[in-house]
Structures are given as structure tokens and as C-alpha cells.
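Contents: one structure, followed by commentary.
Note that the chains take the letters A, B and C in the order they are written out, and that residue 1 is the start of every chain.
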Amino acid sequence: MKASKKKTKKETETLSNKKPEKLVDKKGIRLDGRKLDELRPVKMKVGVLPNADGSAYLEQGRNKILVGVYGPKEAHPRHIAQQDRAVIQCRYHMAPFSVDERKSPAPSRRDIELSKVIREALEPAVFLEYYPKTSIQVYIEILQADGGTRCAGITTAALALADAGIPMRDLVVACAAGKADGKIALDLMDTEDKIGDADVPVAYMPNLEAVTLLQMDGNLSPDEFEKAISMAIDGCKQLYAQQKEALKSKYVIEEAEEE
Amino acid sequence: MTSPIVIRVKKKRIIELLASGKRTDGRKPTEYREIKIEPGVIERAEGSARVRLGKTEVVVGVKISTGTPFPDVPDTGVLTVNAELVPLASPEFEPGPPGENAVELARVVDRGIRESKAIDLKKLCVEPGKLVFVVFVDVYVLNHDGNLIDASALAALAALMNTKMFKYEVVDGEIVKKPGYTPLPMANYPIAVTFAKIGDKILMDTELDEEQVMDARLTMTLDKNGNICAIQKGGGSGYFTKEEILDAVKTALEKTEELRKIVVKG
Amino acid sequence: MPVFYEKKQLVAPGDLLAEGDYVPGDSTYKKNGKIYANRLGLVDYNGKRVHVVALKAFYVPAPGDLVIGKIVETTPGGWVIDIKAPHLARLRASDVVERSFKPETTDLPSIFDVGDLIIAKVVAYDRTRDPILTVREPGLGKIMRGQLIEVTPTKIPRVIGRQGSMVGMIKKETGCQLTIGQNGWILISGRSPEDERLAIMALRKIEAESHTSGLTDRVTEMIKKERKSVESK
């Protein structure tokens, strides 16, 4: 016998937070005080899990993402192995407590789609051909979600891959731009994404200037789309500088301890 | 969970050292590793806590929603505990639905909370037979270096103590939120301690290497009054003698007091 | 023809290191006449050669390497060994047993069983097959006792030191036997757990400070100091 979670419509409305009327005010300031082209505050740390071969942790606004990487190692089960390259096994997964309404730990269709596009965003960067018949496992755990988690997940995963010493052509960094209240805005948080008019997540290899993930949902004119993708790539470049800092700062601390 | 291949020389060494009462990291047989507890790490959850026990790391998130009560206890809130051994925590964990180890972990943690009546579930009734609060306790293991049960139970307790519920009133049989929060009504503070048997020696707070060579384990959960509210033997095909079990109860009384002081400050 | 960094600067994957007539060395790659880093590490330029000393990298077997491995499977033809590399390694039964051995009558697990540690040498490794090991040479074979610790493989040269100076010093100061696997596994066997603990402390310090100079002296001092403080207790 299971307790059922039936809720009346009224209950849902009264329980959840009230819907905001405007996402962007007259001065162009958003609900969390940001300007249209401003990223949420970001923190990154590399090498946080003792067991994983590589790992990283990232906070972006209220997003909290943890990634662990294992490999390259013998592909399991055997039939997934490719004769001429390594395969990346990527899993995007949200903790049940990461969202407002507790989420079942079983993978949803969204989780499965995101796992695929994230894998395809990382593959172009990794020298898969160096390690045939092996697999590289990338486990992305969303501990707390507030919009833009697939992008934050990619940025964190790239750090974890680099931390694992897996050879890469370039780092991969990701950021989304979208439309809120008719204006193109950078790095939408959950409320803006839910109520806004469009979201364009982009993953980017900064030195090779290559886009490795591009999705869009909503409604944008070609001009608006161009503005959004340019803004997203700009956001990627800002995050990239922080990625390098995070990778290097682990090393610099070791140097300071030497005194 | 694939069973790891234990290095023979490592096993030999652990047993050799144990013969003279020593452990590889210099700890005494009943000594716990360094414990770090951080409540409130997931601010969007109603309650949360991160526990580090040596290198073992567990995060527990508590979410509260509403639902209909079980028909046989119409005036009682619902508690449900789930555990995920996520693959990033160990090369031995694979993605997929909870295996027997994850299920056992969740059920042992659940038993401790439920049987000690740590949460006053009667206070979570909104309208008997129709509407009650449902408390979800999700255990998320982030790094496995042994003794997941004790770490998870500690994290669950700390997360519950950190849990806040919104204030509300009932209007026309429905919940209307009011400003402000109140802590989850807690009535007890269960602590789980696990004993591992290697040969004829009993250890506590095993790290991964020790766990891989243990013959069996015995977990005991005691409440704030020193009463036993849950016991679980597992972890291998070994056995315990009656003396060993009763000795363990004595040690558990001391040890759970010690650990409870760390979680329940003041 | 430009280079873009100074020697020993820290570079990340994708950083442009040099452009023009250069040769890509370790942890770098060349594309369209440009050389980029493919790992996080310290860049170095040696004439026309650009390479990066990676801060962290997993072990890639090379013929001639001494490695420590864990037997994970026995097969009719030999053994499968985990040497902490992307691929599992193999040891053929014929390497250990007489040429004309009969699989039905030879009990391979009695020689090496699952869970055993061995010291072996890498004989062959290329893209077409798994690494092949041998235990034929003196000093190779099953490990019977000792403590195993793991160090990032890129730091092994530092642990050994110039002409064995660092490892020699640790052996002298702690009285421990150290067997160093190129794959990052190190076996320590000492007269007492205390001696072994000192050796492990030394190895951890080397791992953390491998990029600094004067390390050998500092490690020697640390061991001496630690020993004194323990003895005075």
C-alpha cells in the first residue's frame, strides 16, 4: 500500500511560490539583481572526490554540480567497446532533493536526452582515438538545480576530465542565453526559463572556437537568435577564464605550502 | 555492485596488524575517523547535511510534500528513506536502480529513525484520513571509503535536525502557506554504530580496505535513552557469538553517546 | 616563429604553446602548424621540441617499464593483470611454466592467483594488443609482503631522483625496501610499521612538492625530524 501524492490544482498554486509579474524591470534589472548580460556568480573547485580519477565541483547561482570521472579503462560491457577509439559513457542525474518538488531518482526522458547531448558536447574535445576499446565514464550529479544545469554540467565535466589527466584538444565550456520579457538575457535561472520565451544552451571549445552543443526551445526571430548565440559564447569565454583559474589554483596552493 | 578483488598482501597485513591490536592508520579498534558535519548544504531542500567520516562522504537531503496517509494510520505523517550509491562515489558502483546494498542502507537508516520515533509523525497530520505531510529522506553517497551506514545515519539525523517546514493554516480543507518556518518536530536522536568482524577481532568505523576483508558486520542503532531501536547483521557470510553481540551492546551505549554529542550540540 | 609561454609555466588543455616549425612532445599535439597542450602541466621548450610535463596523468605502458600489478583473472593461457593503465595486461603461462606445459595438468592459480600482487616488466604494448608482461628476470615475481601505496605516475621520476638519489636516500633514512612501479604503485617493506610510516610520509611529500627544487634535502630533514620526535615520546 503506497501513500498517494494527489494534490488539487488549488493546493499546488497555494503551495508553490507566487509567479512573478515581470522578469526584467524598467531599468533592465532582473529578479536577482543582474543586468541582462551578466552571469550568475560562479565558484569552481577541482579534485574534490578521493575515489574518482578526476573530479570537479561548480556552483553557479544556486546550481550545485558535482562531476566524477573514471577511466580510461576497459569498456564494460564488452559490446560497447569501439575498436578504434574510447567511448564516453555520460550520465546526467539529478538528486531527488535538487529541485522544489522531490524528483524520483529513476532517470527521466529528459535525463536520458541530456546525458546524450552532454556526451556529444564533450566528445570532440577528448582524444578518444588514443585509447581504443576503453571507456571514459563521466558522472554528472546535480545536487541543487536552478536552471542551466546542462551547461553547468558540461563546464564541470570538462574540468573533471582535465583533472583526470585525460588528453583533450581544448577545454569545453557551456552557457545559455535566452529571452525574458522580450529581451535577450544571459544565463537564465529557473524562473526566467520557465516563464521566459526562449532558451539557447551553447557549449564551446574556446581555443578552437568550435560549438559542440547547441539547442534551442521557444520562439526567436533569426536576429534574436544571433544575438542570443553571441551572448552565450561571450558567457562561455568568461567562464573559461574561471575554468583555467580553477585548474591552476590547485597547483598554486601546493606551491604556497612549500614555504 | 561489482565485488572488488582484494589484494592478498593487503589482507594479510590488516590481519597481521590486528593480531597486535593495531590498524593500518594507527587507530584503536573502536576509534572513529575524523567526523565533519555541515548542515544546510542544499538550501533549496527543506533540510540537508553533509557528513565526512574520514574520506567517506554522504549528503542527505530532506524534502517535504503532502499526500494521503496510509489507511491503517490515518492521522500519521509519512516517512520514506531512499539511498543512492551513485557511480561517482566508487569504481565499484554502477549506474542503475538501487541494488541490494543501497536498499539495505536505506532500510537500516529508515528503521533507526522510525523505531526511535525521531520525528513526531503525528504532528505531521493536516486532516486525518485525507491530508498529511510526507517526509522524503534521500541519502546520496558521494565517496565510499567504508562505513556508509554510520555516515548515512549521521547525515540523515543532521539533515532532519536542519529541516524547516513552512507555517500554514488549513482553509477549506486545503493548505495555505503563511510566512515563516518552523523546525521539523523531532522527539529523538538515533545514532547507528557498526561493528565489523575480521577473524576474531571486532572493529568499528572500518575504512574501505578493512571492509573488503571483513567477515561480517553488525549495526546497532540506539536512541537518546540508550534503548536499542534497530539492529542489522550483514556484510558477509561470517558470524557473531552471543558474547560478541552483548559486548557490542555495551560499546554501542558509550559510542552512540559520543557521536550524538557531535550532532546534537547543546 | 613564436612561442607563447616561458619555460615551466603552467598550461591547460587547449593553450597555444608555439607556432611554426616545432615538434610536438609529451602531452601536446600539433594542428595547422600550431602546437597546443593537451593536459594540465608545466610547458618546456627544448630546441625545436615543445612538451608539457603533466601534473596528473594515468600510466601508459612502455616496453621495459617495471610495474606492480594485481592479478584479476586466471585464464587457461595465463593471467590478466590490472596495472592501473587504460588496458588490462596479460602474462602468458608460457612465461612462467616450462615450454611444453599442459593446460590440463598445470595448476596456474597455484602459481599466481586472483588477488596476488606481482612485480613484472612490460614486454610489449601497441594499439593492436593489450600490454604483455614478463616475470622471467631476477627480482620479478609474486610479492609476499609489504605495504602498497599509490602515487600519480607522472611523479615517479621524482620519487626515483637523479640516478636514484631520492629513493636511495629514503631507503637509507628509513631502512625500508622500496620497489617502484612505473605505473605509480610502490611497495614498501620495512622492519617496523613506524619505519614504513616514515617512508610513506616522505613519498607523499615528494608527490605534493615534486615541482620544487631542493626537495631531496627537505625530505631528508623531514624524516630525521619526524624520527626524533617519535623517539623522544
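Operating definition for what follows: a residue touches a chain if its C-beta (ideal position, glycine included) is under 8 Å from a C-beta of that chain, and two chains touch if they have at least 3 such contacts.
Quick caveat, the model's predicted, so the values are computed rather than measured.
Ranked by distance of CA centroids from chain C, the top chain is B. When the C-beta contacts at B-C and at A-B are tallied, the pair with the greater total is A-B.
A separation of 34 Å divides the Cα centre of chain A from that of chain C. Between chain B and chain C the centroid-to-centroid distance comes to 39 Å (mean Cα coordinates, whole Å). Separating the CA-averaged centres of chain A and chain B is a span of 30 Å. Contacts with at least two other chains are made by no residue of chain A. Across the complex, chain A is touched by residues 10, 12-16, 27, 29, 31, 36, 38-40, 54-58, 86-88, 127, 154, 208-209, 211-212 of chain C.
Interface residues of chain C, counted against chain B in their complex, comprise 70, 72, 82, 113-117, 143-148, 193, 197.
Considering their complex, residues 1, 3-8, 10-11, 14-15, 49-52, 55, 62, 64, 66-68, 70, 91, 93, 95-102, 105-106, 137, 139, 141, 143-146 of chain A touch chain B. Residues 5-13, 17, 22, 24, 26 of chain B are the ones touching chain C in the complex. Residues of chain A touching chain C in their complex: 53-54, 71-74, 86, 125, 127, 131-134, 162-171, 205-208, 243-244, 247-248, 251, 254-255, 257-258.
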